[in-house]
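Note that chain A is present in both complexes that follow, paired respectively with chain B and with chain C.
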Partner chain A sequence: MDVGEFVRLRLSQSMISKLPNLFMGYIRGLKRPLIESAFAIFVGLIVGALIMIIFRHDPIEGYISMLKGYGIFIAKRTFMTREFMFALAFATPYMLTALTFAVGVRAGLFNIGAEGQLYIGAAAASWMAAHVALPSGFHVFAVTVFAMLAGALWAVLPALLKIWKGVHEVISTIMLNWMAFYLVMYLAIYHLRGIWAHITKEALPTARYPVLAGSLTAVIFIALLVCIGVYIFLWRMHPGYELRLVGDNPDAARYAGMSISRAIFLSFIIGGLVAGLAGASLAVRPEKWGFHATLGDLMGYGFAGIGVALVGRNHPIGIIPAAIFFGGLAHSGRFMEFDIRISSELVGAIQGVIIIAMALPGLLALIRRKAK
Partner chain B sequence: MVTFKRSYAKAFLMLNPLKKILLRRESSKRSRSAAARKPKLGEILVRAEGICKGFPGVWEHLILDRINFDVKSGEVHALLGENGAGKTVLANILSGFYSLSKGRIYARGKPISIKSPKDALEHGIGMVHQEFTLARPLTVAENVALGLAESNFSFPLSKVEKRIRELSDRYGLKVDPKARVEELSAGEQQRVEILKTLYHEPEVIILDEPTSVLTPEESKRLFSILRAMAREGRGVVFITHKLEEVMEVSDRVTVLRLGKLIGTRKTSETNRRELVRMMMGREVTFRPKRKPVKLGEVALEVKDLHVLDEKGLLAVKGISLTVREGEILGIAGVAGNGQSELVEAITGLREVIKGKVLVFGKDVTNHSPKKLMEAGMVHIPEERRRMGVAEGMTSAENLIMKDYRTSPFSRWTFLNRSFITRHTERMVSEYDIMVPDLWRTETRILSGGNIQRLILARETWREPRLIVAVHPTYGLDLKALRHTHDLFLRLKEKGTAILLVSEDLDEVMSLSDRIAVIFEGKIVGTVDAARAKVEKIGLMMAGSKV
Partner chain C sequence: MITIGRIRLSKRVLAYAISLIAITVFLYLLDRAGVPPKDIIRSGLFAMTPLALAATGECINEKAGVVNIGLEGIFLVSCVIGVFGAERLGSGIAGLLVGSLVGAFIGFIFGLMSVYARANQVVAGMGINVFGIGFLPFLLMAIWAFPGIHLVRKEFLVPKILTPIGLLSPVIFVAIAVPIIAHIILNRTFLGIKIKAAGEKPEAADVAGQRVDHIRMFTCTLGGAMAGLGGVFMSLAWFDGIVKEIAAGRGFIALACVVFAGLSPLLALAGAFIFGFAEALAYTVAITPGAKVYPFLPYFLKMVPYIVPLVIVTIFIGRRPFPKALGKPYIRE
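Let's look at the complex of A and B:
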């Protein structure tokens, strides 16, 4: 062995040669999502500006108006809490449906059943809130729990299909979403109606969540607690640890003696519970304290949740700011229409571009993992 | 679905005229001048000189190191070596699938450069791969036509079919050109592969481990086909790790070991013993000192085990073995002889269709991995990245994969982070695992050796009563390898029973008390490691009856 070879050998065995690698890995592990998200927002804003320019609107004015959705720069005030509360009202269901998707992803599932589970949860909440008389205090609690259980029930079928028959969750949840749609529409028209046929019966005063401002109710506190709870479940409790391990590598999970079926079932059930809560938050809110029989005010939240989850990197805590971002975006539409007379469709398009750009890194990461 | 795929592949077939236009200039330029003259028997068709191959990033160990190799007209030339010797890489270089790093290739004495499989075919070198490269929904003739430059929009398949019939008759390669590939058996599919190559009339045809998918009768038939091709003046290169096949069919044999050329012999002038010595190498590496250990009760007993592989074929055909406390039983064998299936069946990851597995006298056949763990068995898996760790999770999380349910690790289903941190920090320093941050870094970025150490730490820290280990030192450097061997011997002295499966014969020889040799799903013999001769084990591994 000559000297050069000896030195090379020693170097390759020592820590020093591995340091750069390890360092990069650390940076990658921590900073990369943040950088990616920032870049994505930037790209989204640029493309959104281009769209505004093409349609002869001033993008700067447009974006200033968009900030109003978050309560910033309204009527000469730097920050207006009331408008921000509206953004939070939109954010509440987003947060929860995003959680459904995220818990699915953590278990290796592509669970897009939040939409249908949300409908079922809304119907259950509406029935419990308007048609069952219970003592005040307990009534709100009963509405919440009942809606969550109903959502979870709707998630049992895709879970069992997946576990027993290997039916892909995308297929089963999409189909169940439509079943839920028509079922809830039927229930709303024939069994949950109040005075008017097009709207469900108003929730009894005992069943109403305390109103914070506008359409924002105290449900948001429950939603935040749920996010934190899911975080603790996934990262601090051993069933959650199993769930994540199954999602990361089912072969390793099987080798470690875990039950893959149980983890998948758990993931679906948690998703269903949370989506049911999202339904309750939409069905029991001012001004109507009910929902339209067309389901117009329930639709879309489940699917928007996918985007929210991707932006929040499928992390229960990351989802909170992501949901607020989306909530503000949803709320800003009315300002943009009013201020610079952009048609609401175009507002939707601009928001869509931003959302797509933001969701891209998360989506790419997901695809990369799935492809492996 | 099938019809869709079919039309898809058909569309690809129709794109061929485009390819033809693009390639026209090139193909007309390179007329096959060499093929015009029929080679004399014994003439050197292809000669490779000083071939080196390294892959980017691992230049320090060349995969091929100055290999000289030639093929004569009319011979069957066997390329023999263990897994990882570089046989397939050499073949891939000759047939244009890999580029060479250094060295020259001559065809009939003229230097040539091979940049693609197409180039190789132009120079008369064709290869039949170990893995089939067939479009399953298409017919045999369509598959053959796919690779042809002259196929175009209105390509008459009947022409190809006729030619296939001719070739089949000439060599006894019985295949129906109209049959769909997905309906064919493995042996028939291989014949299609051979036909696909023969269609180009190569002078040299290379077959990479062709018998690995064949039944013994099919192999016999293949050998007569090989002989027929050689009789016609072609040079046949036959890659294998089975000695018997070399002795049966080849005229000459070249042995590679770890990327180095060991030598070329005339088959008639050599014997099995010499070839084994060439194949295995015989610089005896260190043998750790062993104290005599008193054997305890039977820890693992396997009785007449039958297990299927992925394809549903019988991979383990009635294996019985026992391992006692304080004993290491080594299983030696060339990869793919049923070891993986055997281990997976013992560890509860694969269904046992017949036979029994007993751990400490308790019948645990087809029990879940969790039950087996509770019975006292730990498993060091073969594919560490696929099975041994969850790469997206942190090192700490991976280190507790087997213990997280038990008391100090979790209390009331809550993970005890502070205890886990203390425990994993101890593991990391004891087993010398290099991890930047236990709770932050994804295991993905750890090197293979570090992952292996992580798995060893996780599986052995409790001093288990029974270990099933597959290639436990794979990818470790010499120091870590020695540590691991010492660890195994120390555990053994404390009364652990170890079933050691490894392709590394040195490892099996230096650790085991007894060695069972596995070949084609059966234990062909068990020998006492202290008195065993490497040659004898090598012969058994190669399927030779001793």
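Let's look at the complex of A and C:
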């Protein structure tokens, strides 16, 4: 054996030579989820096109104006950063509410309480931002933390009901969503109002997040950090590992001596914290720096988050591109309304179809089998 | 079980008795306070109807082993298309039929997905809900070109019948009859045994020569049709119009009924009445002049329809076992 051969042999056994393989394996592992998500989006867009055809709109025109939501092809310009920033502004709360759902799924829960926790977070943020005077650097921090804690508080009850009595979280969280709806409506009209009764008092300048462009604020950086933080928590820390194991295989977790209650509680609390932050991002944002007492500008983000989480494969990092996709979709509603006079609510229906299609992992396999 | 002398009462029966007495006392007190109990019972029956219909459908559905949490979405879609059908065909009854057909169609699609494509049923159901939340305002704009609200002209509504407690919709009697019929079918007929077998032990049903997939498709479609009838009842016979939040979580309250009832249609009817009664009570109290004294009170009363199901489900949970194959797709080897 000569030296060259020896070195080559050693190299092939070392980690370095395995790295490309490891990387390729990772990419290969990513391929199926990507195809499934793309398939679901495709199905959603097809059904959207069918609905457009039924109501006598041109789907091709519709989807070209949908691209404008991402800042593409607006007024003869290939890419408009400003409009893309609006898509990112929509993506910020989506990212966070999706995280709520995803952390729930990882612990084996179907936590759809983001909607209500978001309302509570928004009310808390609005109160802290407009009615409490604090020094300028600290105020933003206080608003953020207070909103998160308020959101988490709203998640405590469904968590305890689940742990103590086994009340299914779909029922408890939906009931609490509606309670939060009326509670926050009351708070907005009687305790948070500013000059006008229909809108909450605008946040003090010290409490405002720095504006990046349009309605996009620096909260998006916090949201991204939270996504990465939750990823590190779930995949690199012991309690996160327990949480995932409880979700994957509760029996194994129990035999390993893990506390299922603690994992469920933790999942709910993280979800609540994150949803509260989503509320803060919506309540403290430009133009109004407050929210409508009808909650019209807060509604729907929690449920849309379910779709975002599913398309992002319930993975904190996967959620980020999924949220940007859904953000652009939401922003494109206004272009579609203007260009082809179709109601922007169509986007919501498309989101629903995408969720339905995400429930069908077997469908692709079925098609593949039939094709053979 | 609680024993009083030689009479043995189950906790549930005792709870019914207590709540019945409490309701009677409460109605008496309200009567003294100037709120007529007839009105409350009347609006309670209206509020009960969509819950009872959807919950009964869901009970049958879950007995066969399929969970459909998309009731809210079915409510939302069927209530709009039902009104559209009523206005096109020129009669409220036809609207009811169209609405339940829409519900049946959604149920059928859901059945196809959960039986043949082995979908995750909870996710698919939630997808139906999100779809409905977006599709209702879209349809309002697309059909009547008016955002957020549509009022139905009187000639297209379902005619009401005069009874001793006031004007009631005929659908209310259907909603009372359907759980009873469902109870008889589930417990006294061969079809009921087939349905239960498909939920408890699909393998055994299959070996016995029953088509599990057909049974489940049937119950999914039936459950969807019932939810659809409940949805179109809201727009054509109760609110006489459509608003964006017409369902207001009733699809999930119906699910709470199902959990409370432990899949028994009769108990689901009782649960629907309790929840409907709570809702009617809250709204009746909210419109009395005295309620305006405290600004928080009207908002709190609006929360009552959601607090009551949560509390009742929490107290009465876990009394009966759910079917073993619930939520699991059956794959034939």
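Points to keep in mind about this one:
Following the convention adopted for this analysis, the second predicted complex is superposed on the first by the 312 of 372 C-alpha atoms of A that agree within 3 Å, B and C clash if a C-alpha of one lies under 4 Å from a C-alpha of the other, contacts with A are read in each partner's own complex, and residues count from 1 in each chain.
Assume a residue touches a chain if its C-beta (ideal position, glycine included) is under 8 Å from a C-beta of that chain, and two chains touch if they have at least 3 such contacts.
From a predicted model like this one, the values you see are computed outputs, not experimental measurements.
By the touch criterion stated above, A:Tyr241 is placed in contact with chain B alone, chain C being left untouched. By the document's definition of touching, neither partner reaches A:Leu212: not chain B, not chain C. Touched residues of chain A, counted separately for chain B and chain C, are more numerous for C. When the shared chain is aligned, chain C comes close enough to touch A:Gly348, but chain B does not. When the two structures are aligned on the shared chain, A:Ala252 is found in touch with chain B, with no touch to chain C. Taken together, the two complexes place no residue of chain A in contact with both chain B and chain C. Interface of chain A with chain B (complex): residues 8, 13, 15, 18, 21-23, 25-26, 28-30, 236-239, 241, 244-245, 248-249, 251-258, 369. For chain B in complex with chain A, the touching residues are 60, 347, 349, 368-373, 379, 381, 386-393, 397, 401-402, 404-405, 410, 413-415, 417, 434, 436-437, 440-442, 445, 447, 477, 479. Looking at the complex, you find that chain A touches chain C at residues 51, 55, 110, 112, 161, 165-168, 170-172, 174-179, 182-183, 185-186, 189-190, 300, 303-304, 306-307, 310, 342-343, 345-363, 366.
In the complex of the two chains, the chain C residues touching chain A come out as 69, 73, 113, 116-124, 126-138, 140-142, 147, 248-249, 252-253, 255-256, 259, 295-296, 299-300, 302-303, 305-307, 309-310, 313-314, 317-318, 329.
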